[in-house]
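Shared chain: chain A. Partners: chain B in the first complex, chain C in the second.
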Partner chain A sequence: MSEARGRWAFARRPAGARWASAGRKAAAVGRIAFRHQLAYKTDFALRGFFLLFILFVFIQLWSAAYGGDFEKVISGFTLKQIVWYLVFTEALTLAAPPVCSRIEEEVKNGDVAIRLVRPQSYLNYHFSVFSSEALTRFAVHLAVGSAIAWPFVGPPDFGYGWFGLLALSAGALTVTFLLLMLVGLCAFWVEETSGLYFVLQKLQFTIGGMLLPIDLMPEWLQRVCAWLPFQAALYFPARMGVQFDGELLTRQLAIQAAWIAVLAIAVNRMYRRGVTKLHVNGG
Partner chain B sequence: MSTADKKIGANARFVWTSWKANLASAMEYRLSFLLLAGMMFVNNFIWLFFWRLFFERFPVVQGWDLRDVMLLWAVSTAGFGWAAMLFGNFSRIAGIVAGGQLDVYLTQPRPVLLSVLVSRCSVTAAGDFVFGIVVYLMVGDLSPRGMMLFALALLVSGLLFISVMVIVGCSAFWIGNAEGMTQQAFGSFIALTTYPSDIFRGLAKAALFTIIPAGFISYMPIGMLKSFDPGFAATATGVAAGLTLAAALLFRFGLRRYASGNTIAMRS
Partner chain C sequence: MGTLALRTRGLGKTFRVKRKEAGLSASFRSLWKPNWETKEAVRGIDLTVREGETVAFLGPNGAGKSTTIKMLSGILHPSYGEAEVLGFTPWKEREELAYRIGTVFGQKSQLWYHLPPIDTFELIGTVYELKRDEFAKRRNDLIERFELGPYLHTPVRKLSLGERMRCEIAASMLHRPKLLFMDEPTIGLDAVVKQRIRELIRERNRKEGTTVFLTSHDAGDVESLCSRAIVIHHGGVLLDEPVERMRREVLSRKNVTLKLAEGADPSGLPEIDGAEWEKADGGYCLAVDLKRTTIERVLGELIGRVGFTDVNVEDPPLEEIIKHIYGLKARTEEEEP
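Moving on, here comes the complex of A and B:
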């Protein structure tokens, strides 16, 4: 009887205590994920090399497009702004850990069963790991990207730009996480998600503004992009980083919040439906 | 028939049989094959969409226009496509060596490198190959001369992809686990073959035509297809042939250092 009362008392814990407990678990998982990353220094170095390489190629391409003219302004961007914009979008893109393939692997090899019985929500667990890894990687990639952009086009003296970039980056990474989860959770139905991930990645590259600021795209495409969540994941923070605008920042934060709400509901529903489809044999 | 002729004939039959077996294996999962190849086609198409947006804003960059970049993608993707379909293991040499998986090839009475290369067919590469051909049919010169030059461009680019990656992969004979490094080199080399060579200047451009010979692929639309430059065509062909020979010799040399890890493996 006393045991039953104890269980009932646990279930009826105040919402504040439950949130605090969930927060502590998320922080603990985040700390473990952070330490886990430090063990893979070679992985960091290889990604850093790729970032340096790809930014070098982009600098060459855009310098050729601007004819090496640092004063020329095209659609509101100077060469220096374009290069730093690309540093920010690349740093954000490469910051996202491969959530889709992890979920796919968990479903394929049955590890998902272990995750589901843990005293932490499956979605929260992945979000904790993602946040920890993404924030660390983002900081490292910003440093690596700066190391190549600075000597070529000069320092990132964009006023409050850094504040704008950081203010929008947390929301941007959350939108990225939710988009990746939408694709990753498809593994509950189809197992193989690499094709869908590929398409999502390329959509981020193009209409998300990773390779080309949305301002430089034709007007019809800009109107299409305005109705999609991809711009909130890359374009918003990167553009704010090179062209700070207080009013626009408030509006973009609101748009990000709206997309996070919509996508979080979609992810939650998808997870609830997907988990009922799951059959784990052995493991 | 001399012994050498018999050997060549036997190797040719072996290669042909391997290709047929690879194709049959890929066709076993037809839907998966079509999906993966289709996905690569869409992936390349999105890149061209980016270039279209780029050239709408900057119509000519260092003498290159959209058509030139489309030809560049045709040469790079179709060249990579045939190489990875027929010799699919060229990008995996380092992993095979470091993992001790060469044992299974050493026991066969065929040239080891050839045997390794033909034992895999990259399914996604079919999408690359078809994409390259479709793009060439859209913007290329469809006269017999133009088609022959395109075929030569594909031969050169495919050989460059294979030889460069085999050379980089051979580093595993000396430094052991070089998989991460070779994958980065693979990604970087492919990326360099898809950007116009003329956007690079100075040392970077010199490197593109020497230590990282991706420039011989990325200059192909200008030097071979748009206005035929015999000097460039001869150099590119010579470099591709030379690197292919160098890759085969380096693999042979590296094989002497190979130590088995007693891995029990099967050819799949």
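Moving on, here comes the complex of A and C:
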């Protein structure tokens, strides 16, 4: 038995080789997840239609709030900036695949077993699938959102805004993934995570800045938001998209990185503990 | 004596389930004061399997077979006890062990549902870090042996269960596992596909020395595939012996079911030595004791004497076999107090 151990002791490979191998596996899972989601054409179309619909409603609402005045500035935002801000937050929100319900389903029907017999980290696997799906959806939603915002409020000419948006979006989606994972992994202990997911979603909608920029909220609430991870998932990239600020970008990237580190540690610990409690159902 | 493939010592798994009486008031009560019950899925079992063995791990539903396989493959953490699989502690060294074992769960699929099987094969090649040329050679070999060519490029959702299972088993063998855990690999398949799958597994065992550890509800899997049978019940080992011996002692029965022809008189069914008539669903069943007679002789006695339109010869269900083992054990214990 000892000879077998020696040949196969992958954990004892140098850290660089381990990371490179994990990266190759993540890329392969990402590629197959990309092809797999192309089968869900109706889902894409429905999501796109829903996005068009809600953006149309928001455009009407904010046009009324601004009295149709394109020059007016409220808390530092013009009507055009607000509308494009909403396009960006909606594109990011709808980009996230339903990780929580997937994990819950995997635990309930026992499919988690299939993930755990592979020489790949469970978290790494889900992150690859999430990234692949979220990036595709994000690109599609940006195109759909632009198709409605452009004719109503004009092109998104916000200087380096697009650069700012894209620079912060990868981190934003990572923060979203980690928050969803924290809730999804609760399925290792409790039978139902939909209640927790509901709370998380509503927090993202409100203090995450999905419905309106945090700058428009009361000052005390802005101070609370500054200490929470939700703003890093939606508000940072969307605001940077419409109001580029190089210095702020560096600071926000640093804050995102810090939240990613903290949340990744929390998710990792939760997984390690949860997997010992796991009871796999169904044959 | 070969090298050990796996060994467990007092391996057990308990879990807590919420117990709830029927009715609305009980639902409310359980909200405030849940009544937890500890269930013992596996009760301290000791197993030893050597490399190259083909072991059938049998037991009725809920006996702890799947839980044991999941502990041995590193999916579940045991509540107590020890296990060593190919030199690794499964739940502590799950990813390292994963390179060396293959798993097939008859009721779960590892193939990507909307994509053709070839795509999952490619993914497996990367995830198991197989060298490109070695992987291609191995993949082509398995495609040929498992006759997967015609549906390799068909989305999995369009495959029949038999076709999908062949792909599942081939997928689990791509990385040349030394030990193959199979949890009911022939469930729901028809007799011809079952037989083909058994042949393929046996071939891998013969050619590559793959150790096979298999659970099944089908006595046919055990007889045609395994050299040793371990029967567990209520989480503990009830019987552990060569299939040859088990066949002699407890698999020595066959059920012959007859569908009588219209107008045939059931009271005219002949008495046959070594066989007993039982009423069965939709017909009459002869429980044949192969230690006393043969199927050939029984059918010979029936032909021409009883009018029947259909005849079916099959193994008794595993539940019946286990009941029989229980009976034997009880008798032995009475005789040797």
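One rule holds in what follows: the second predicted complex is superposed on the first by the 271 of 283 C-alpha atoms of A that agree within 3 Å, B and C clash if a C-alpha of one lies under 4 Å from a C-alpha of the other, contacts with A are read in each partner's own complex, and residues count from 1 in each chain.
Just so it is clear, a contact is a pair of C-beta atoms (placed from the backbone, for glycine too) under 8 Å apart; a residue touches a chain by one contact, two chains touch by 3 or more.
This one's a predicted model, so the numbers in the text were calculated from it and none came from an experiment.
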Partner chain in contact with A:V275 - chain B first, chain C second, else both or neither: second
First (chain B), second (chain C), both or neither touched by A:V29: second
Chain B versus chain C as contact partner of A:G110, first or second or both or neither: second
Partner chain in contact with A:A39 - chain B first, chain C second, else both or neither: second
Contacts of A:L212 with chain B and chain C, given as first, second, both or neither: first
Which of chain B and chain C A:S121 touches, first, second, both or neither: second
Contact residues of chain A, present in both the chain B and the chain C interface: none
Parts of chain C lying in touch with chain A, wherever the complex brings them together: 3-4, 15, 66-67, 70, 73-77, 84, 86-88, 91, 93-96, 98-101, 103, 105-110, 112-115, 119-120, 122-123, 126-129, 155, 178, 183-184
Residues on chain A engaged by chain C in the complex (per definition of touch): 1-2, 4-5, 8-11, 21, 24-25, 28-29, 32, 35-36, 39, 110-114, 116-121, 275-280, 282-283
List of chain B residues in touch with chain A within their complex: 32, 35-36, 39, 42-43, 46-47, 49-50, 53-54, 56-58, 61-62, 180-181, 184, 187-188, 191-192, 195, 198-201, 204
Complex contact set, residues of chain A against chain B: 42-43, 46, 49-50, 53-54, 56-57, 60-61, 63-65, 74-75, 192, 195, 198-199, 202-203, 205-206, 211-212, 216-218, 221
